[in-house]
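Some structures are shown below for you to check.
In the two assemblies presented below, chain A is common to both, partnered first by chain B and then by chain C.
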Partner chain A sequence: MNFRKYLKVYKKFLHTSLASELEYKTNILVDLITAILSLVGSIFLLSIFFQNDGYIGGWKFEQALIIQAIYTILNGITNTWFNPNLTEIVKHIREGTLDFVLLKPIDSQFFISLKKINPSGFLEIMLGFLLLFFCIRINQINLNISFMTLSSITISCSICILYSLWFFISTTTIWFVKTWNAIEVLRSFLYIGRFPLNSFSFSLRIFFSVFIPIAFITTIPSEVFLGLSVLWKILLEVVVAAVFLITSRKFWLFAIKFYSSASS
Partner chain B sequence: MVQNIIDVRNLSKSFDISSKKPGFKGTIKHFFRRQTKSLKVIKDITFEIKEGEIVGFLGANGAGKTTILKMLCGLIYPSEGSILVSGYLPFRRKEKFLKNITLIMGQKQQLIWDLPPIESFYLNASIYDLDKFEAKKRIKKLSEMLEIDEELFIPVRKLSLGQRMKSELLAALIHEPNILFLDEPTLGLDINAQRNLRKFLQRYNRETNATICLTSHYMKDITSLCKRVICVHEGAISYDGKLDQLLKKLSPVKEILIVCRSEEDAIKLENSGFTVKNKIKNEITIKIENNSITSSLKTILNNFDIEDLFINEPPIDEVIGKVLIKKNYDI
Partner chain C sequence: MISNLIKRKIFTLLKVQYSNMLEYRVEIALWAISGIIPFFMLNIWTNNNLNESINISDVLLSRYFLCAFFVRQFSVVWVVFSFEEDSLMGKVSPYLIQPLNPFFRYFAQHLAEQITRFPFALIIAFFFFIFNPESIWIPNLGILLLSIVSTFFSFLIQFLIQSIVACLCFWTEKASSIERLLFIPTLFLSGLLAPVISFPSYVKSWIYLTPFPYLIDFPANLLSGNETNISGGLSMQILWIFLLFPLFKKIWSEGTKKYTAMGS
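Entry: the complex of A and B
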């Protein structure tokens, strides 16, 4: 793979999608306000849950805020990259414009995963990081090298799992054509990631760890922040992320063999 | 000797198609137990195309023209048979192969809707690994050939269909491909825009010796661009050969309207042995076979007092229309 070329193309993607979004100033403003209100609403909801005895599943409100911060960062990444690009796959397949993507001398998964960007998602990422820094202060977390390394690894793995899940569902469009509902279901499951895994019943914990690994996405990075993590869980998250990434890649390459293009 | 750039042998393609009965009951049944059947849309076709040739694919809607084009450019996997395009198996979509070809579809667009076309051109240039200087040079050259200038800087959504199509062409040709697959490129364009596009394609073919495979429902596109046509009927090739030979075969006679100086001359001409289609006063329409047209006209001009005459070609759409509904044409 020619990395210089891919970097050059990605710069063009950034430039063209930012320029496209900036054509509609009001839309960006509305998106920014929505991101702020959504974060305020989520924190308010979380504070209501913790009003009675101050603990849920053994987690204090200040600790649970870390999960909210990581969720906000991941949701920002979803809104910035995954949502605009991967929902576009559905459109490409329904309208047959995937033809143009497949005939370009560039990796098709790279193209459809990164071509678009929604700049208003950046604010959500920034808000998530601000909340995270606030949590680091109130939970008196020591920012040493091992903590920084482990938190970076776990958050990166979370991004990979989230991307793979999103991409996997979008890929099924090649057979099912319409998969908006499945994407909405995944989005709803992601909301669950705002709460500590221990706050759910045993059966739900198994479901959210094994079948749809939402638990890995927010809880394990949060445990790293709180010094509650155990090595096997981190290793497991790395393995799960690698398996998901490789599977989504293989699945895409398999699926495009069945692409029949839209009729003209 | 000119090399074959496209070589297709015994190519077939089947699709699984589901059908649904009308009404609510049919909808429910379709939802729970979808019945699919395999439909062979391309049936054992074989043909070759030489480098620099412009070949028109003719056929009724659903005959399989677009499916053939999409298999040639590697978008659809063939079910049986073999395809070699420029020495490559198209469906493997190797980088070198993709840099050699382009697909232009009249009804689909790749330009970024909210931005001026120039942004899409530079994006494509980076995908095809062209540096900024080379991209600028090619954009300048192609925009001159396509006669577009200010339109390059206006958002695509504000361009007319003709301007958009020209920009689509520029975006698709920035990497200077030597095989062009064009699927109804003039669809929806006005007469002038169609003519300009045809002029451009002729010039591009002349200057670069690019091979062009074209489908179009506008006969003017086919007659002005293609010397050779491949007619497709229900997924099989019904004719593959020169267009003029096909036209001669399908319309062996020409109609000639002759205006005589007097009605008496018209009556004399009517009784002179020619096949008369109709006669109104001093105007008479006769049918003459293509191979005897010169000698017949000489006889008429020498023996009758003629004021004027008009040779009418049968409308090409009507002639070609006959091909689209027939299974086989042996010339």
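Entry: the complex of A and C
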């Protein structure tokens, strides 16, 4: 593993994909409006839920907004990196172009996961951070070093889990060819990451922490922000993230063995 | 004579597309699963007793969300994405030569997909009833027929809107981002995530003038036996279809004049 080589290659990736995406400038504007409207829509939905008595699952509206903010940031990251790249795997396998990727003297997972970038997702990430800062103010969270480290650790773990989930499902394409829709299923499941886990019934809570760890993705970082989190939960998230990353890597290496190029 | 010809054409198109869709059964099953968001929403509603504020009993609310799921299953439209791909790849040119508007092809594709999807939707409903046995009900035949008609109208409205957006491909090439923008109000205002009756009054005052509540909320209320204005809803749906259809014809004829095939 030559770190500097990979950095250099990544710079080239950035350059080429930014150049091609900036061809469609109006598209980026439309995507910005979409991101804003989508955030307004989910806050609107949230406000409907709080009409009754001001609490859902023990969370106040201001606290639930933090979850929205973290969800928006993570969704922006998904739209910037995961979505454009990992949906491409499906295309590579259907058209047999995965051969060219495997032949290159570079790690195939690195190439496949980072080749493209969609700049309009950046706007969503910024929007999420704006909302997050707003939440920090209205919830009167004081920023200190331990809080900053804990929140960045949990958020990066969430990103790792999210990446592994996406990568895991995309990899199954090697056997099933068309898993584009499996990604849609994942997307709809991820949708519940917008709400506090405690607002769901017990069985769903178990499902979303054991089978698909969406609970870890948004709820634990938000608890860190509110100072409600206990240490074992944070440690658990780190462990889950590590397990997911390692398994998804192993799974990819395992899956490539079954890749038989197109027409063979 | 002419009507006979059209009938034969439509029948052939449907048959071809249906066998095409049956090839990808797993894919369609996954599509059906990806539509289960209403059930997660129902879980939040009932688990936090949010329905107290809008005076709908648990049973009626669960029926509402089940019907919302069904209506959504049979009114999903993706014509923009198909048309965009075909137009970017230059596949539209041969379609234009044929004595049949290419949108009939897409229309048949959607109908065929709905037929394929039907058994999967039934299976999901079956599981829903296992978990919520108290919400089983049998709507009377008249209501059932009316709600099938209104679901079809909802599908038609969405198909027309998306076809209009798809025609923008003649000008901008990437029309799907506009569709993604339009999808946001559809998602939040149509009643898929929360019944329109629960919306705050500053939204309810104007929302019934837009097409959104007639896409999911109205047919779902009708089918689930919740209170709704049947004749008003149906006539609004018909009104929107009559408004959108000439617009589509206009933009289609303008667009085809503008269309230049690949490489010219």
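The rule is simple: the second predicted complex is superposed on the first by the 263 of 264 C-alpha atoms of A that agree within 3 Å, B and C clash if a C-alpha of one lies under 4 Å from a C-alpha of the other, contacts with A are read in each partner's own complex, and residues count from 1 in each chain.
We take it that a contact is a pair of C-beta atoms (placed from the backbone, for glycine too) under 8 Å apart; a residue touches a chain by one contact, two chains touch by 3 or more.
Fair warning: this is a prediction, and the values are worked out from it, not measured in the lab.
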Which superposed partner A:Y259 touches (first chain B, second chain C, both, neither): first
Touching partner for A:K12 - first (chain B), second (chain C), both, neither: first
Which superposed partner A:F176 touches (first chain B, second chain C, both, neither): second
Chain B versus chain C as contact partner of A:Q51, first or second or both or neither: second
Partner contacting more residues of chain A (chain B vs chain C): C
Where chain A meets both chain C and chain B, residue numbers: 24
Touching residues on chain A, where the partner in the complex is chain B: 2, 5, 8-9, 11-13, 15-16, 19-20, 23-24, 95-97, 99-100, 102-106, 257, 259-261, 263-264
Contacting residues of chain B [partner chain A, same complex]: 15, 66, 70, 73-77, 93, 95, 98-99, 101-103, 105, 107-110, 112-115, 119-120, 122-124, 126-129, 155, 183-184
Interfacial residue positions of chain A with respect to chain C in the complex: 24, 26-27, 30-31, 33-34, 37-38, 41-42, 44-45, 47-49, 51-52, 55-57, 176, 178, 180-182, 184-185, 187-188, 191-192, 195, 199-201, 204
Touch list for chain C against partner chain A, complex: 24, 26-28, 30-31, 33-37, 40, 43-44, 46-50, 52-53, 172-174, 177-178, 180-181, 184-185, 187-188, 193-194, 198-200, 203
